[in-house]
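Okay, got some structures for you below.
The two complexes that follow have chain A in common; it is paired with chain B in the first and with chain C in the second.
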Partner chain A sequence: MEIVMPDVQLLALAPEIILIIVAFLMLLFSPLLGGENTKSGPKVGGIVSLIALTAAFVINLLIGQNGQSEIITFGGMIAKDSFSLYFNALVIIAAAFSIIISFDYIDKFGIKEGEYYLLILFSTVGMMLMGSSTDLLSIFISLEIMSIPIYVLVGFSRNNLRAREASFKYFILGAVSTGIFVYGAALVYGSAGSTNLAAIADALLAKPLYNDPIFMLGSAFLISGFLFKISAVPFHMWTPDVYEGANLPITAFMSVGVKAAALSAFIRFIVYDLAITGDSWVLALSLVAVATMVLGNSAALAQSNLKRLFAYSSIAHVGYIIIALIAATESAIASVLFYLLIYIVTNLGIFAFLIYFSKKENECESIDQLAGLGYSHPIMAVCMGIFLFSLAGIPPTGGFMGKLFLFIAAVESGYVTLVVIAVIASGVSVYYYLKVMMSLFEKGKKTEENIKNPYAALVVFIAAIITIYLGVMPGFFIELAKRCALSLF
Partner chain B sequence: MIEMIIFYPTAAIVILFSLMVVLHKSPIRSALFLLGTLFFMAFIFALLSAHFVAVIQILVYAGGIIVLILFAIMLLNLQKEDSEYDHISLGKVISLGLGGFLFLIISIVFFKMYPGHSSELPANFGTIEEVGRLMVTDYVFAFEAISLLIIASLVGGVVLVRGLINSKSKLKKLK
Partner chain C sequence: MDNVIWIIPLLPLVGFLINGLVGRRLPDRLVAIIGVSLPVASFFIAVWSFLELLKLGDEGVLTSTLYTWIVSGDFVVNLTFRFDQLSAVMALVVSGVGSAIHLYSAGYMHDDKSFSRYFSYLNLFLFSMLVLVLAEDLVLLFLGWEGVGLCSYLLIGFWFDDMENAKAGKKAFIVNRIGDLGFFVGMALIVITIGTLNVPEMKNLLEANPGLLTAGMATAITLFLFVGATGKSAQIPLYIWLPDAMAGPTPVSALIHAATMVTAGVYMIARLGFLYVLSPTTMIIVALIGSLTALYAATIGMAQNDIKKVLAYSTISQLGYMFMAVGVGAFASGIFHLMTHAFFKALLFLGAGSVIHAMSGEQDIRNMGGLRKKMPITFWTFLVATLTISGIPPLAGFFSKDEILWKAFSTHLGSIGILFWAIGLLSAVITAFYMFRLFFVAFTGESRASEDVKKHIHESPFSMTSVLILLGIFSVIGGFIGVPELLGGSNHFEHFLAPIFPHLGSRFDAHSAHTWEIILLALSLVAAASGIFLAYLMYVKKTDIPKVFVKKYNALYQLVYDKYRIDELYGAIFIRPFFVLGVIFSSIVDSWIIDGIVRIVTMATAKLGRLFMSFQGGDVRVYGRVLLGGLLLILIIVVFGRV
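Entry: the complex of A and B
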């Protein structure tokens, strides 16, 4: 028998492979460094994984500079184009910042296991593979590589009952959603005869499969699986509970990394396949977008727990993004990429801020705990103000620019009603973002405290600077997003 | 024709057993029903000419995984908690309704609207040779990525269980 290997270009996967090798080395050597009695164990692991992430980031940039527009390898399962490189860069940034804000946090909360950083690395690899996947099979596997470490990380605090409950809930619901995704993939395979996204597109062009009920059902299941991961209504139930139960750095990582990765695969599926099936799925996604924006924003109004508040706020932001996904034009996808960059930076900044004010074994998660902090820590409060303004979409922050381009792209494609609803919804969102702001500058509650957490403070400053920079001079990154979106079409 | 005679009883048994996995109160019996489900799933694989997968299904799932699950249940030494399952809540009724609706849609699609495909299988379909060849050629990425997935879940499982044991021993020290 003759064995013909497909074209395998390992160099294209170099960033992922570096992270995998470092993770395996950490797995081997962490018992020597970590453990109950050593103090430096987890920290060494954190620094090593930061170095690995930096290396992966640099190589990712080098692959992008290479000039080769697209590398398709592993028999069409993996594609390294500008789009996947952009998403890889995003999740590497998310992972690196989550690791930096973990440094002080895990000392305060008595987490000694070195596996903490290891699982973040594994999950990052899954996210990166997801952005590069062009086959339903590889999307499914990387989805699992991403999710399983996250399930464990959510329940990482061993004595925290809330964390265990959140982890279990997320695991059960995640398993069901993955099951639905696989069922959908099987149905699409049965209808189109291939799991490769490009081959499915060919099959769709060859004969009008969108009248095929099997394809409709399969793609509906696939969409449900993606919507669960990006926590869109009606698949959002887990989000507030899981975000509340998880440790703050993990909440930060989840709220940006998982969403970005799931969106990257979702965008690819929409642009490659769904966009050529006419508008059979537009109505469904429009309803999802409206429900997500309305429910996310109105539920956030009532929250006094900050983690839950930002969970609902992240649901609302997914709603805005889905509008652009419905448009699915080049400029709409570019605006999503730009929006995600701002969303990631801003959210990481917010969670770093919350970590900065967390005390030993006591997370800063109630809105009352912020009272008066604006007077004792004015610089941090101003940074937080920038983040909140950015999420609310007020100039001159990045969030304004992001929303502007998103809505322009949607209006260009003729989805005016959706944009009007989105603008009203984001107007409502100003109320609860300002509520947090008001609490920061509440009079008469001046608290003098000495807080030392340089890592979280660093992340807050960097995030604030980037947020302002993106709001004032977005040119370079918009061009970048446009170029990366172009590689999909 | 003979395929139909084998398929319908097998499918009925698989559905019945998997319902029992969810509905039965005793975890050990649920695990045994799961064994039955997986065993009869192997028949369906065999009907689809995937003989190698059918054998692996019996060896690995029915033989290996179920034994592990049984060991885990016995080691955990679960107590009976009947009361939790007795009441019928509104949520359960709604989910049953929605689930039934989804089932209805799927069955309409399959029985009424789906014309069905059939094509000639290649001669070596489902043989060990062919499965092995596909695994290291077309599906080499999936093969390698799944090994990473297994390591990741192994580490995750160890982390979770170690936390459990540590907190239990701490409780004992306190006592």
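Entry: the complex of A and C
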């Protein structure tokens, strides 16, 4: 057997490498950075992580400006094209904001271990690699790099029963789904003779493999594996429990980072391979999309726990996104990229808001805890209103523009029925978003407390400004999303 | 963004944001300083931009594009401000008169409990109005158009504790919506036919390819746009909201409902003059509606006793003159009158405000009188304004009104111009009459106020009187920039605006035009003088004449006094049927059919939600089973589901 040394362009992976090196250094020095008796230790770790993320972000931009349209390296396992750079940027932003909103939070909740931030960094590297992976093997490996730190982070508050339970559940179900994914990859390899997405596509074009039940079985397993990570129905059951059990900053990080990363790999798989097979996967995903939208929105109606409510809300948003995945055209993928940007910013803003109003050892997670905040903290409440409007898709927020482009792209591809269902479903969603809003402005209840959490407040403001900006002047980012989506085709 | 004209509208917006967001926590003095100084600064930038524009010469124009607002295929809307000759005049008038009225308001409103709310609205209005006049694109113009409508609504109903005021605001808003619909249809037709709403681009496209618009389409577009103008500028048949709009504070009436906002329709037609000249039919309709409105509103003005109502009808009537001007193609004359009217009508309203202020809120002129000694500045400035509006030379109103009458008479549209001129001349007589009736009754003679009120009558504070004097000066000298050649002037104003407007000929040759112009001039003077004399005769010399007249022609008097009962007519024709329809819809369609569907849907959704929750028990084995069940389903569909 001939062994070929793959060509390796380390420079293309510079952002990931920086993060890994910093994370390992932090691991090495973690006894100095955290522990029972240190006071400022974890914060130093957070600041170091932020600096590393900033560096990674800048290098990511520089690679994007380089002019070279696509760098394929590691024997075709990794591709740095505009698409992956876009996702890398999203993931870095998500990680950075999650770290910022952690600063005050972990003091309040007595988290002293220095590993907290470095686990976020490891997971971020996994997410970034996922966006760049062009091979089922590298997707699988990055999936694990992303997931394992998350399992740990969910149960990071060891003394919290809820957190431990959530972590364990997530781990068990996650392990099952990983098994499903690997099995699917094996079947596809057996049928197509390669794990490389582009090579699979070549094999598909050479002979109509979609007549091959082995290949179709394999791709169904792969689809299921992806659907688990983006928490689409019926693989969603872990989501509310895990979101509720995890600490708020981790919930924020998961709800945006894991979804974006899993979607990036899923999109690649769909565009490279699935799109040239038959249309049975379209039928399956259509049913999933409808179920996801209906279940997500109607289950959210009945929630009074905010973490669960936003868990279901995030499930519903995945439903909208799947519609565009089915369309799989350039404009549909571009609309997904744009939608994800808005979704990430808005959700980070919401969780930052909840963190802002969390008290010592007591997270702000019941809808009753918001009562009257609109009068005692008007500016924060207005920002929250912007986020809620954005999730509900009401102008002039980014959420409206995102939904608009998503639905336009789907309608252009002829999926009118799905869009009609989506519009009705998002009509239903207005109810529970406004329920949160109404509670903010409930009369008669006033909480006169002095809350100081400049970090969370900063994230809330930035997110609110970006949400409005994207709703009023979406031009630049839509063009960017179009350009990045184009690099896949 | 190569120049600063975008700052002109920005400054009042800043004022609105400051006063609107935190104004309630600031001391009133600071609110006033912010509220007044930002418009003044904006005026100075407008002046500076104007000087820059002069340096550029005839073809000069300043534009500043902030960003691309809307892109939809080939249809692009940029957020662009355009400072050309026409918008320069408008911006100067709006920010100049606007600043003066802001200053006046600081004195007038000083003990109002919602001082900061007042200034935030007024600043927002100025912002919207400046956007309207500086917009290069009709979409942006429409934004300003709606913005001023909103502010008008907010300020008419400013004292909303009184239901009547709130109703007046609502009426203004609804009537304007009808006009706006016309405007919107007009814009839509332009997009369909010409393909852009950018005004200079429209002009270029039409010049390059005149076949873009058929004659019928040009008429349709311009008429729909004119419907919008009749709403905003209170012309027949949509004028009915303006008299009620006097419910707002008096400086608001001066700024919004006399000097600036109501002239937006005139401005819009002048701006789109190149479209209007494509349709002589529309031109004649515009001129006819304008002249009829001028006459009609003037007759109502004769019979009103509320000082602000008289001025309101006078405004409608003067706007009629402006529409007559743009209708006969004399766009520059229309804008000229718009400008002089802004000076003297603002002055009249502010003078009235000064009187109302002094007389503890009294607005009925029959309870006034004898104000000369007690309020000398108000008295003299009001007299100047009254002379100006009556068309006495060499005050500003004389030049602008006379020019309109002459342009109407000599219009290229043909001898129908004589009709417009005749109506205009008659209206001029009536205008002089009712204005001097107002003046004689309200200001001269013995005071008829109650003793309580009499004790308090005093001249207004300096912040108010200084504005009166300022506007008085402009009412006197404002006309000199447009002195026609006949009187030895060189009509700078018309030449300045010449690059903007299409050039239409006159139906006279130069020689006979000269003769006619002199004849008409003399007739105008006679008209003004006779109106004033009549008023003097009836309300100073023989004060029993009006009483005898009212007794003899009581039915006619009542009809005019009741504004020809048009409000009642509209009520019977439009409002009642819609109301009945509304009752039917609300009691049957809405509460049974629509609500029924909604109730079923919500019940079903809530049930569904609870059903889903019952699965979500927290048992990981159940989760695992659901997961594997789902996997099985997807496997089956993907492998066997191919159609």
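What to note about this one:
Note that in this section the second predicted complex is superposed on the first by the 484 of 489 C-alpha atoms of A that agree within 3 Å, B and C clash if a C-alpha of one lies under 4 Å from a C-alpha of the other, contacts with A are read in each partner's own complex, and residues count from 1 in each chain.
The definition used in the following text is that a residue touches a chain if its C-beta (ideal position, glycine included) is under 8 Å from a C-beta of that chain, and two chains touch if they have at least 3 such contacts.
Please read all numbers here as calculations on a predicted model, not as lab measurements.
In the superposition on chain A, contact of A:Leu27 is made with chain B only, not with chain C. By the touch criterion defined above, A:Val288 lies against chain C but remains apart from chain B after alignment on the C-alpha atoms of chain A.
When the shared chain is aligned, chain B comes close enough to touch A:Gly155, but chain C does not. Of the two partner chains, both chain B and chain C are touched by A:Pro213.
Of the two partner chains placed by the overlay, neither chain B nor chain C lies in contact with A:Leu458. By the touch criterion stated above, A:Glu115 is placed in contact with chain B alone, chain C being left untouched. In the superposed pair of complexes, A:Leu404 makes contact with neither chain B nor chain C. Residue overlap on chain A between the chain B contacts of one complex and the chain C contacts of the other covers 213, 217.
Within the complex, the chain C residues that touch chain A are 67-68, 71, 605-606, 608-610, 612-613, 615-616, 618, 620, 622-624, 626-631, 633-635, 637-643. Those residues of chain A that touch chain C in the shared complex are 165, 168-169, 172-173, 176-177, 180, 210, 213, 216-217, 219-221, 223-224, 227-228, 233-235, 237-238, 240-241, 278-281, 283-284, 287-288, 294-295, 297-302, 428, 473, 475. Residues 105-106, 109, 113-114, 117, 129, 133, 136-142, 145-146, 148-149, 151-153, 155-160, 162-164, 166-167, 170 of chain B are the ones touching chain A in the complex.
Residue ranges on chain A touching chain B, taken from their complex, read 1, 3-6, 8, 20, 24, 27, 74-75, 77-78, 113, 115, 118-119, 122-123, 125-126, 129, 137-138, 141-142, 144-145, 148-149, 151-152, 155-156, 158-159, 167, 190, 213-214, 217.
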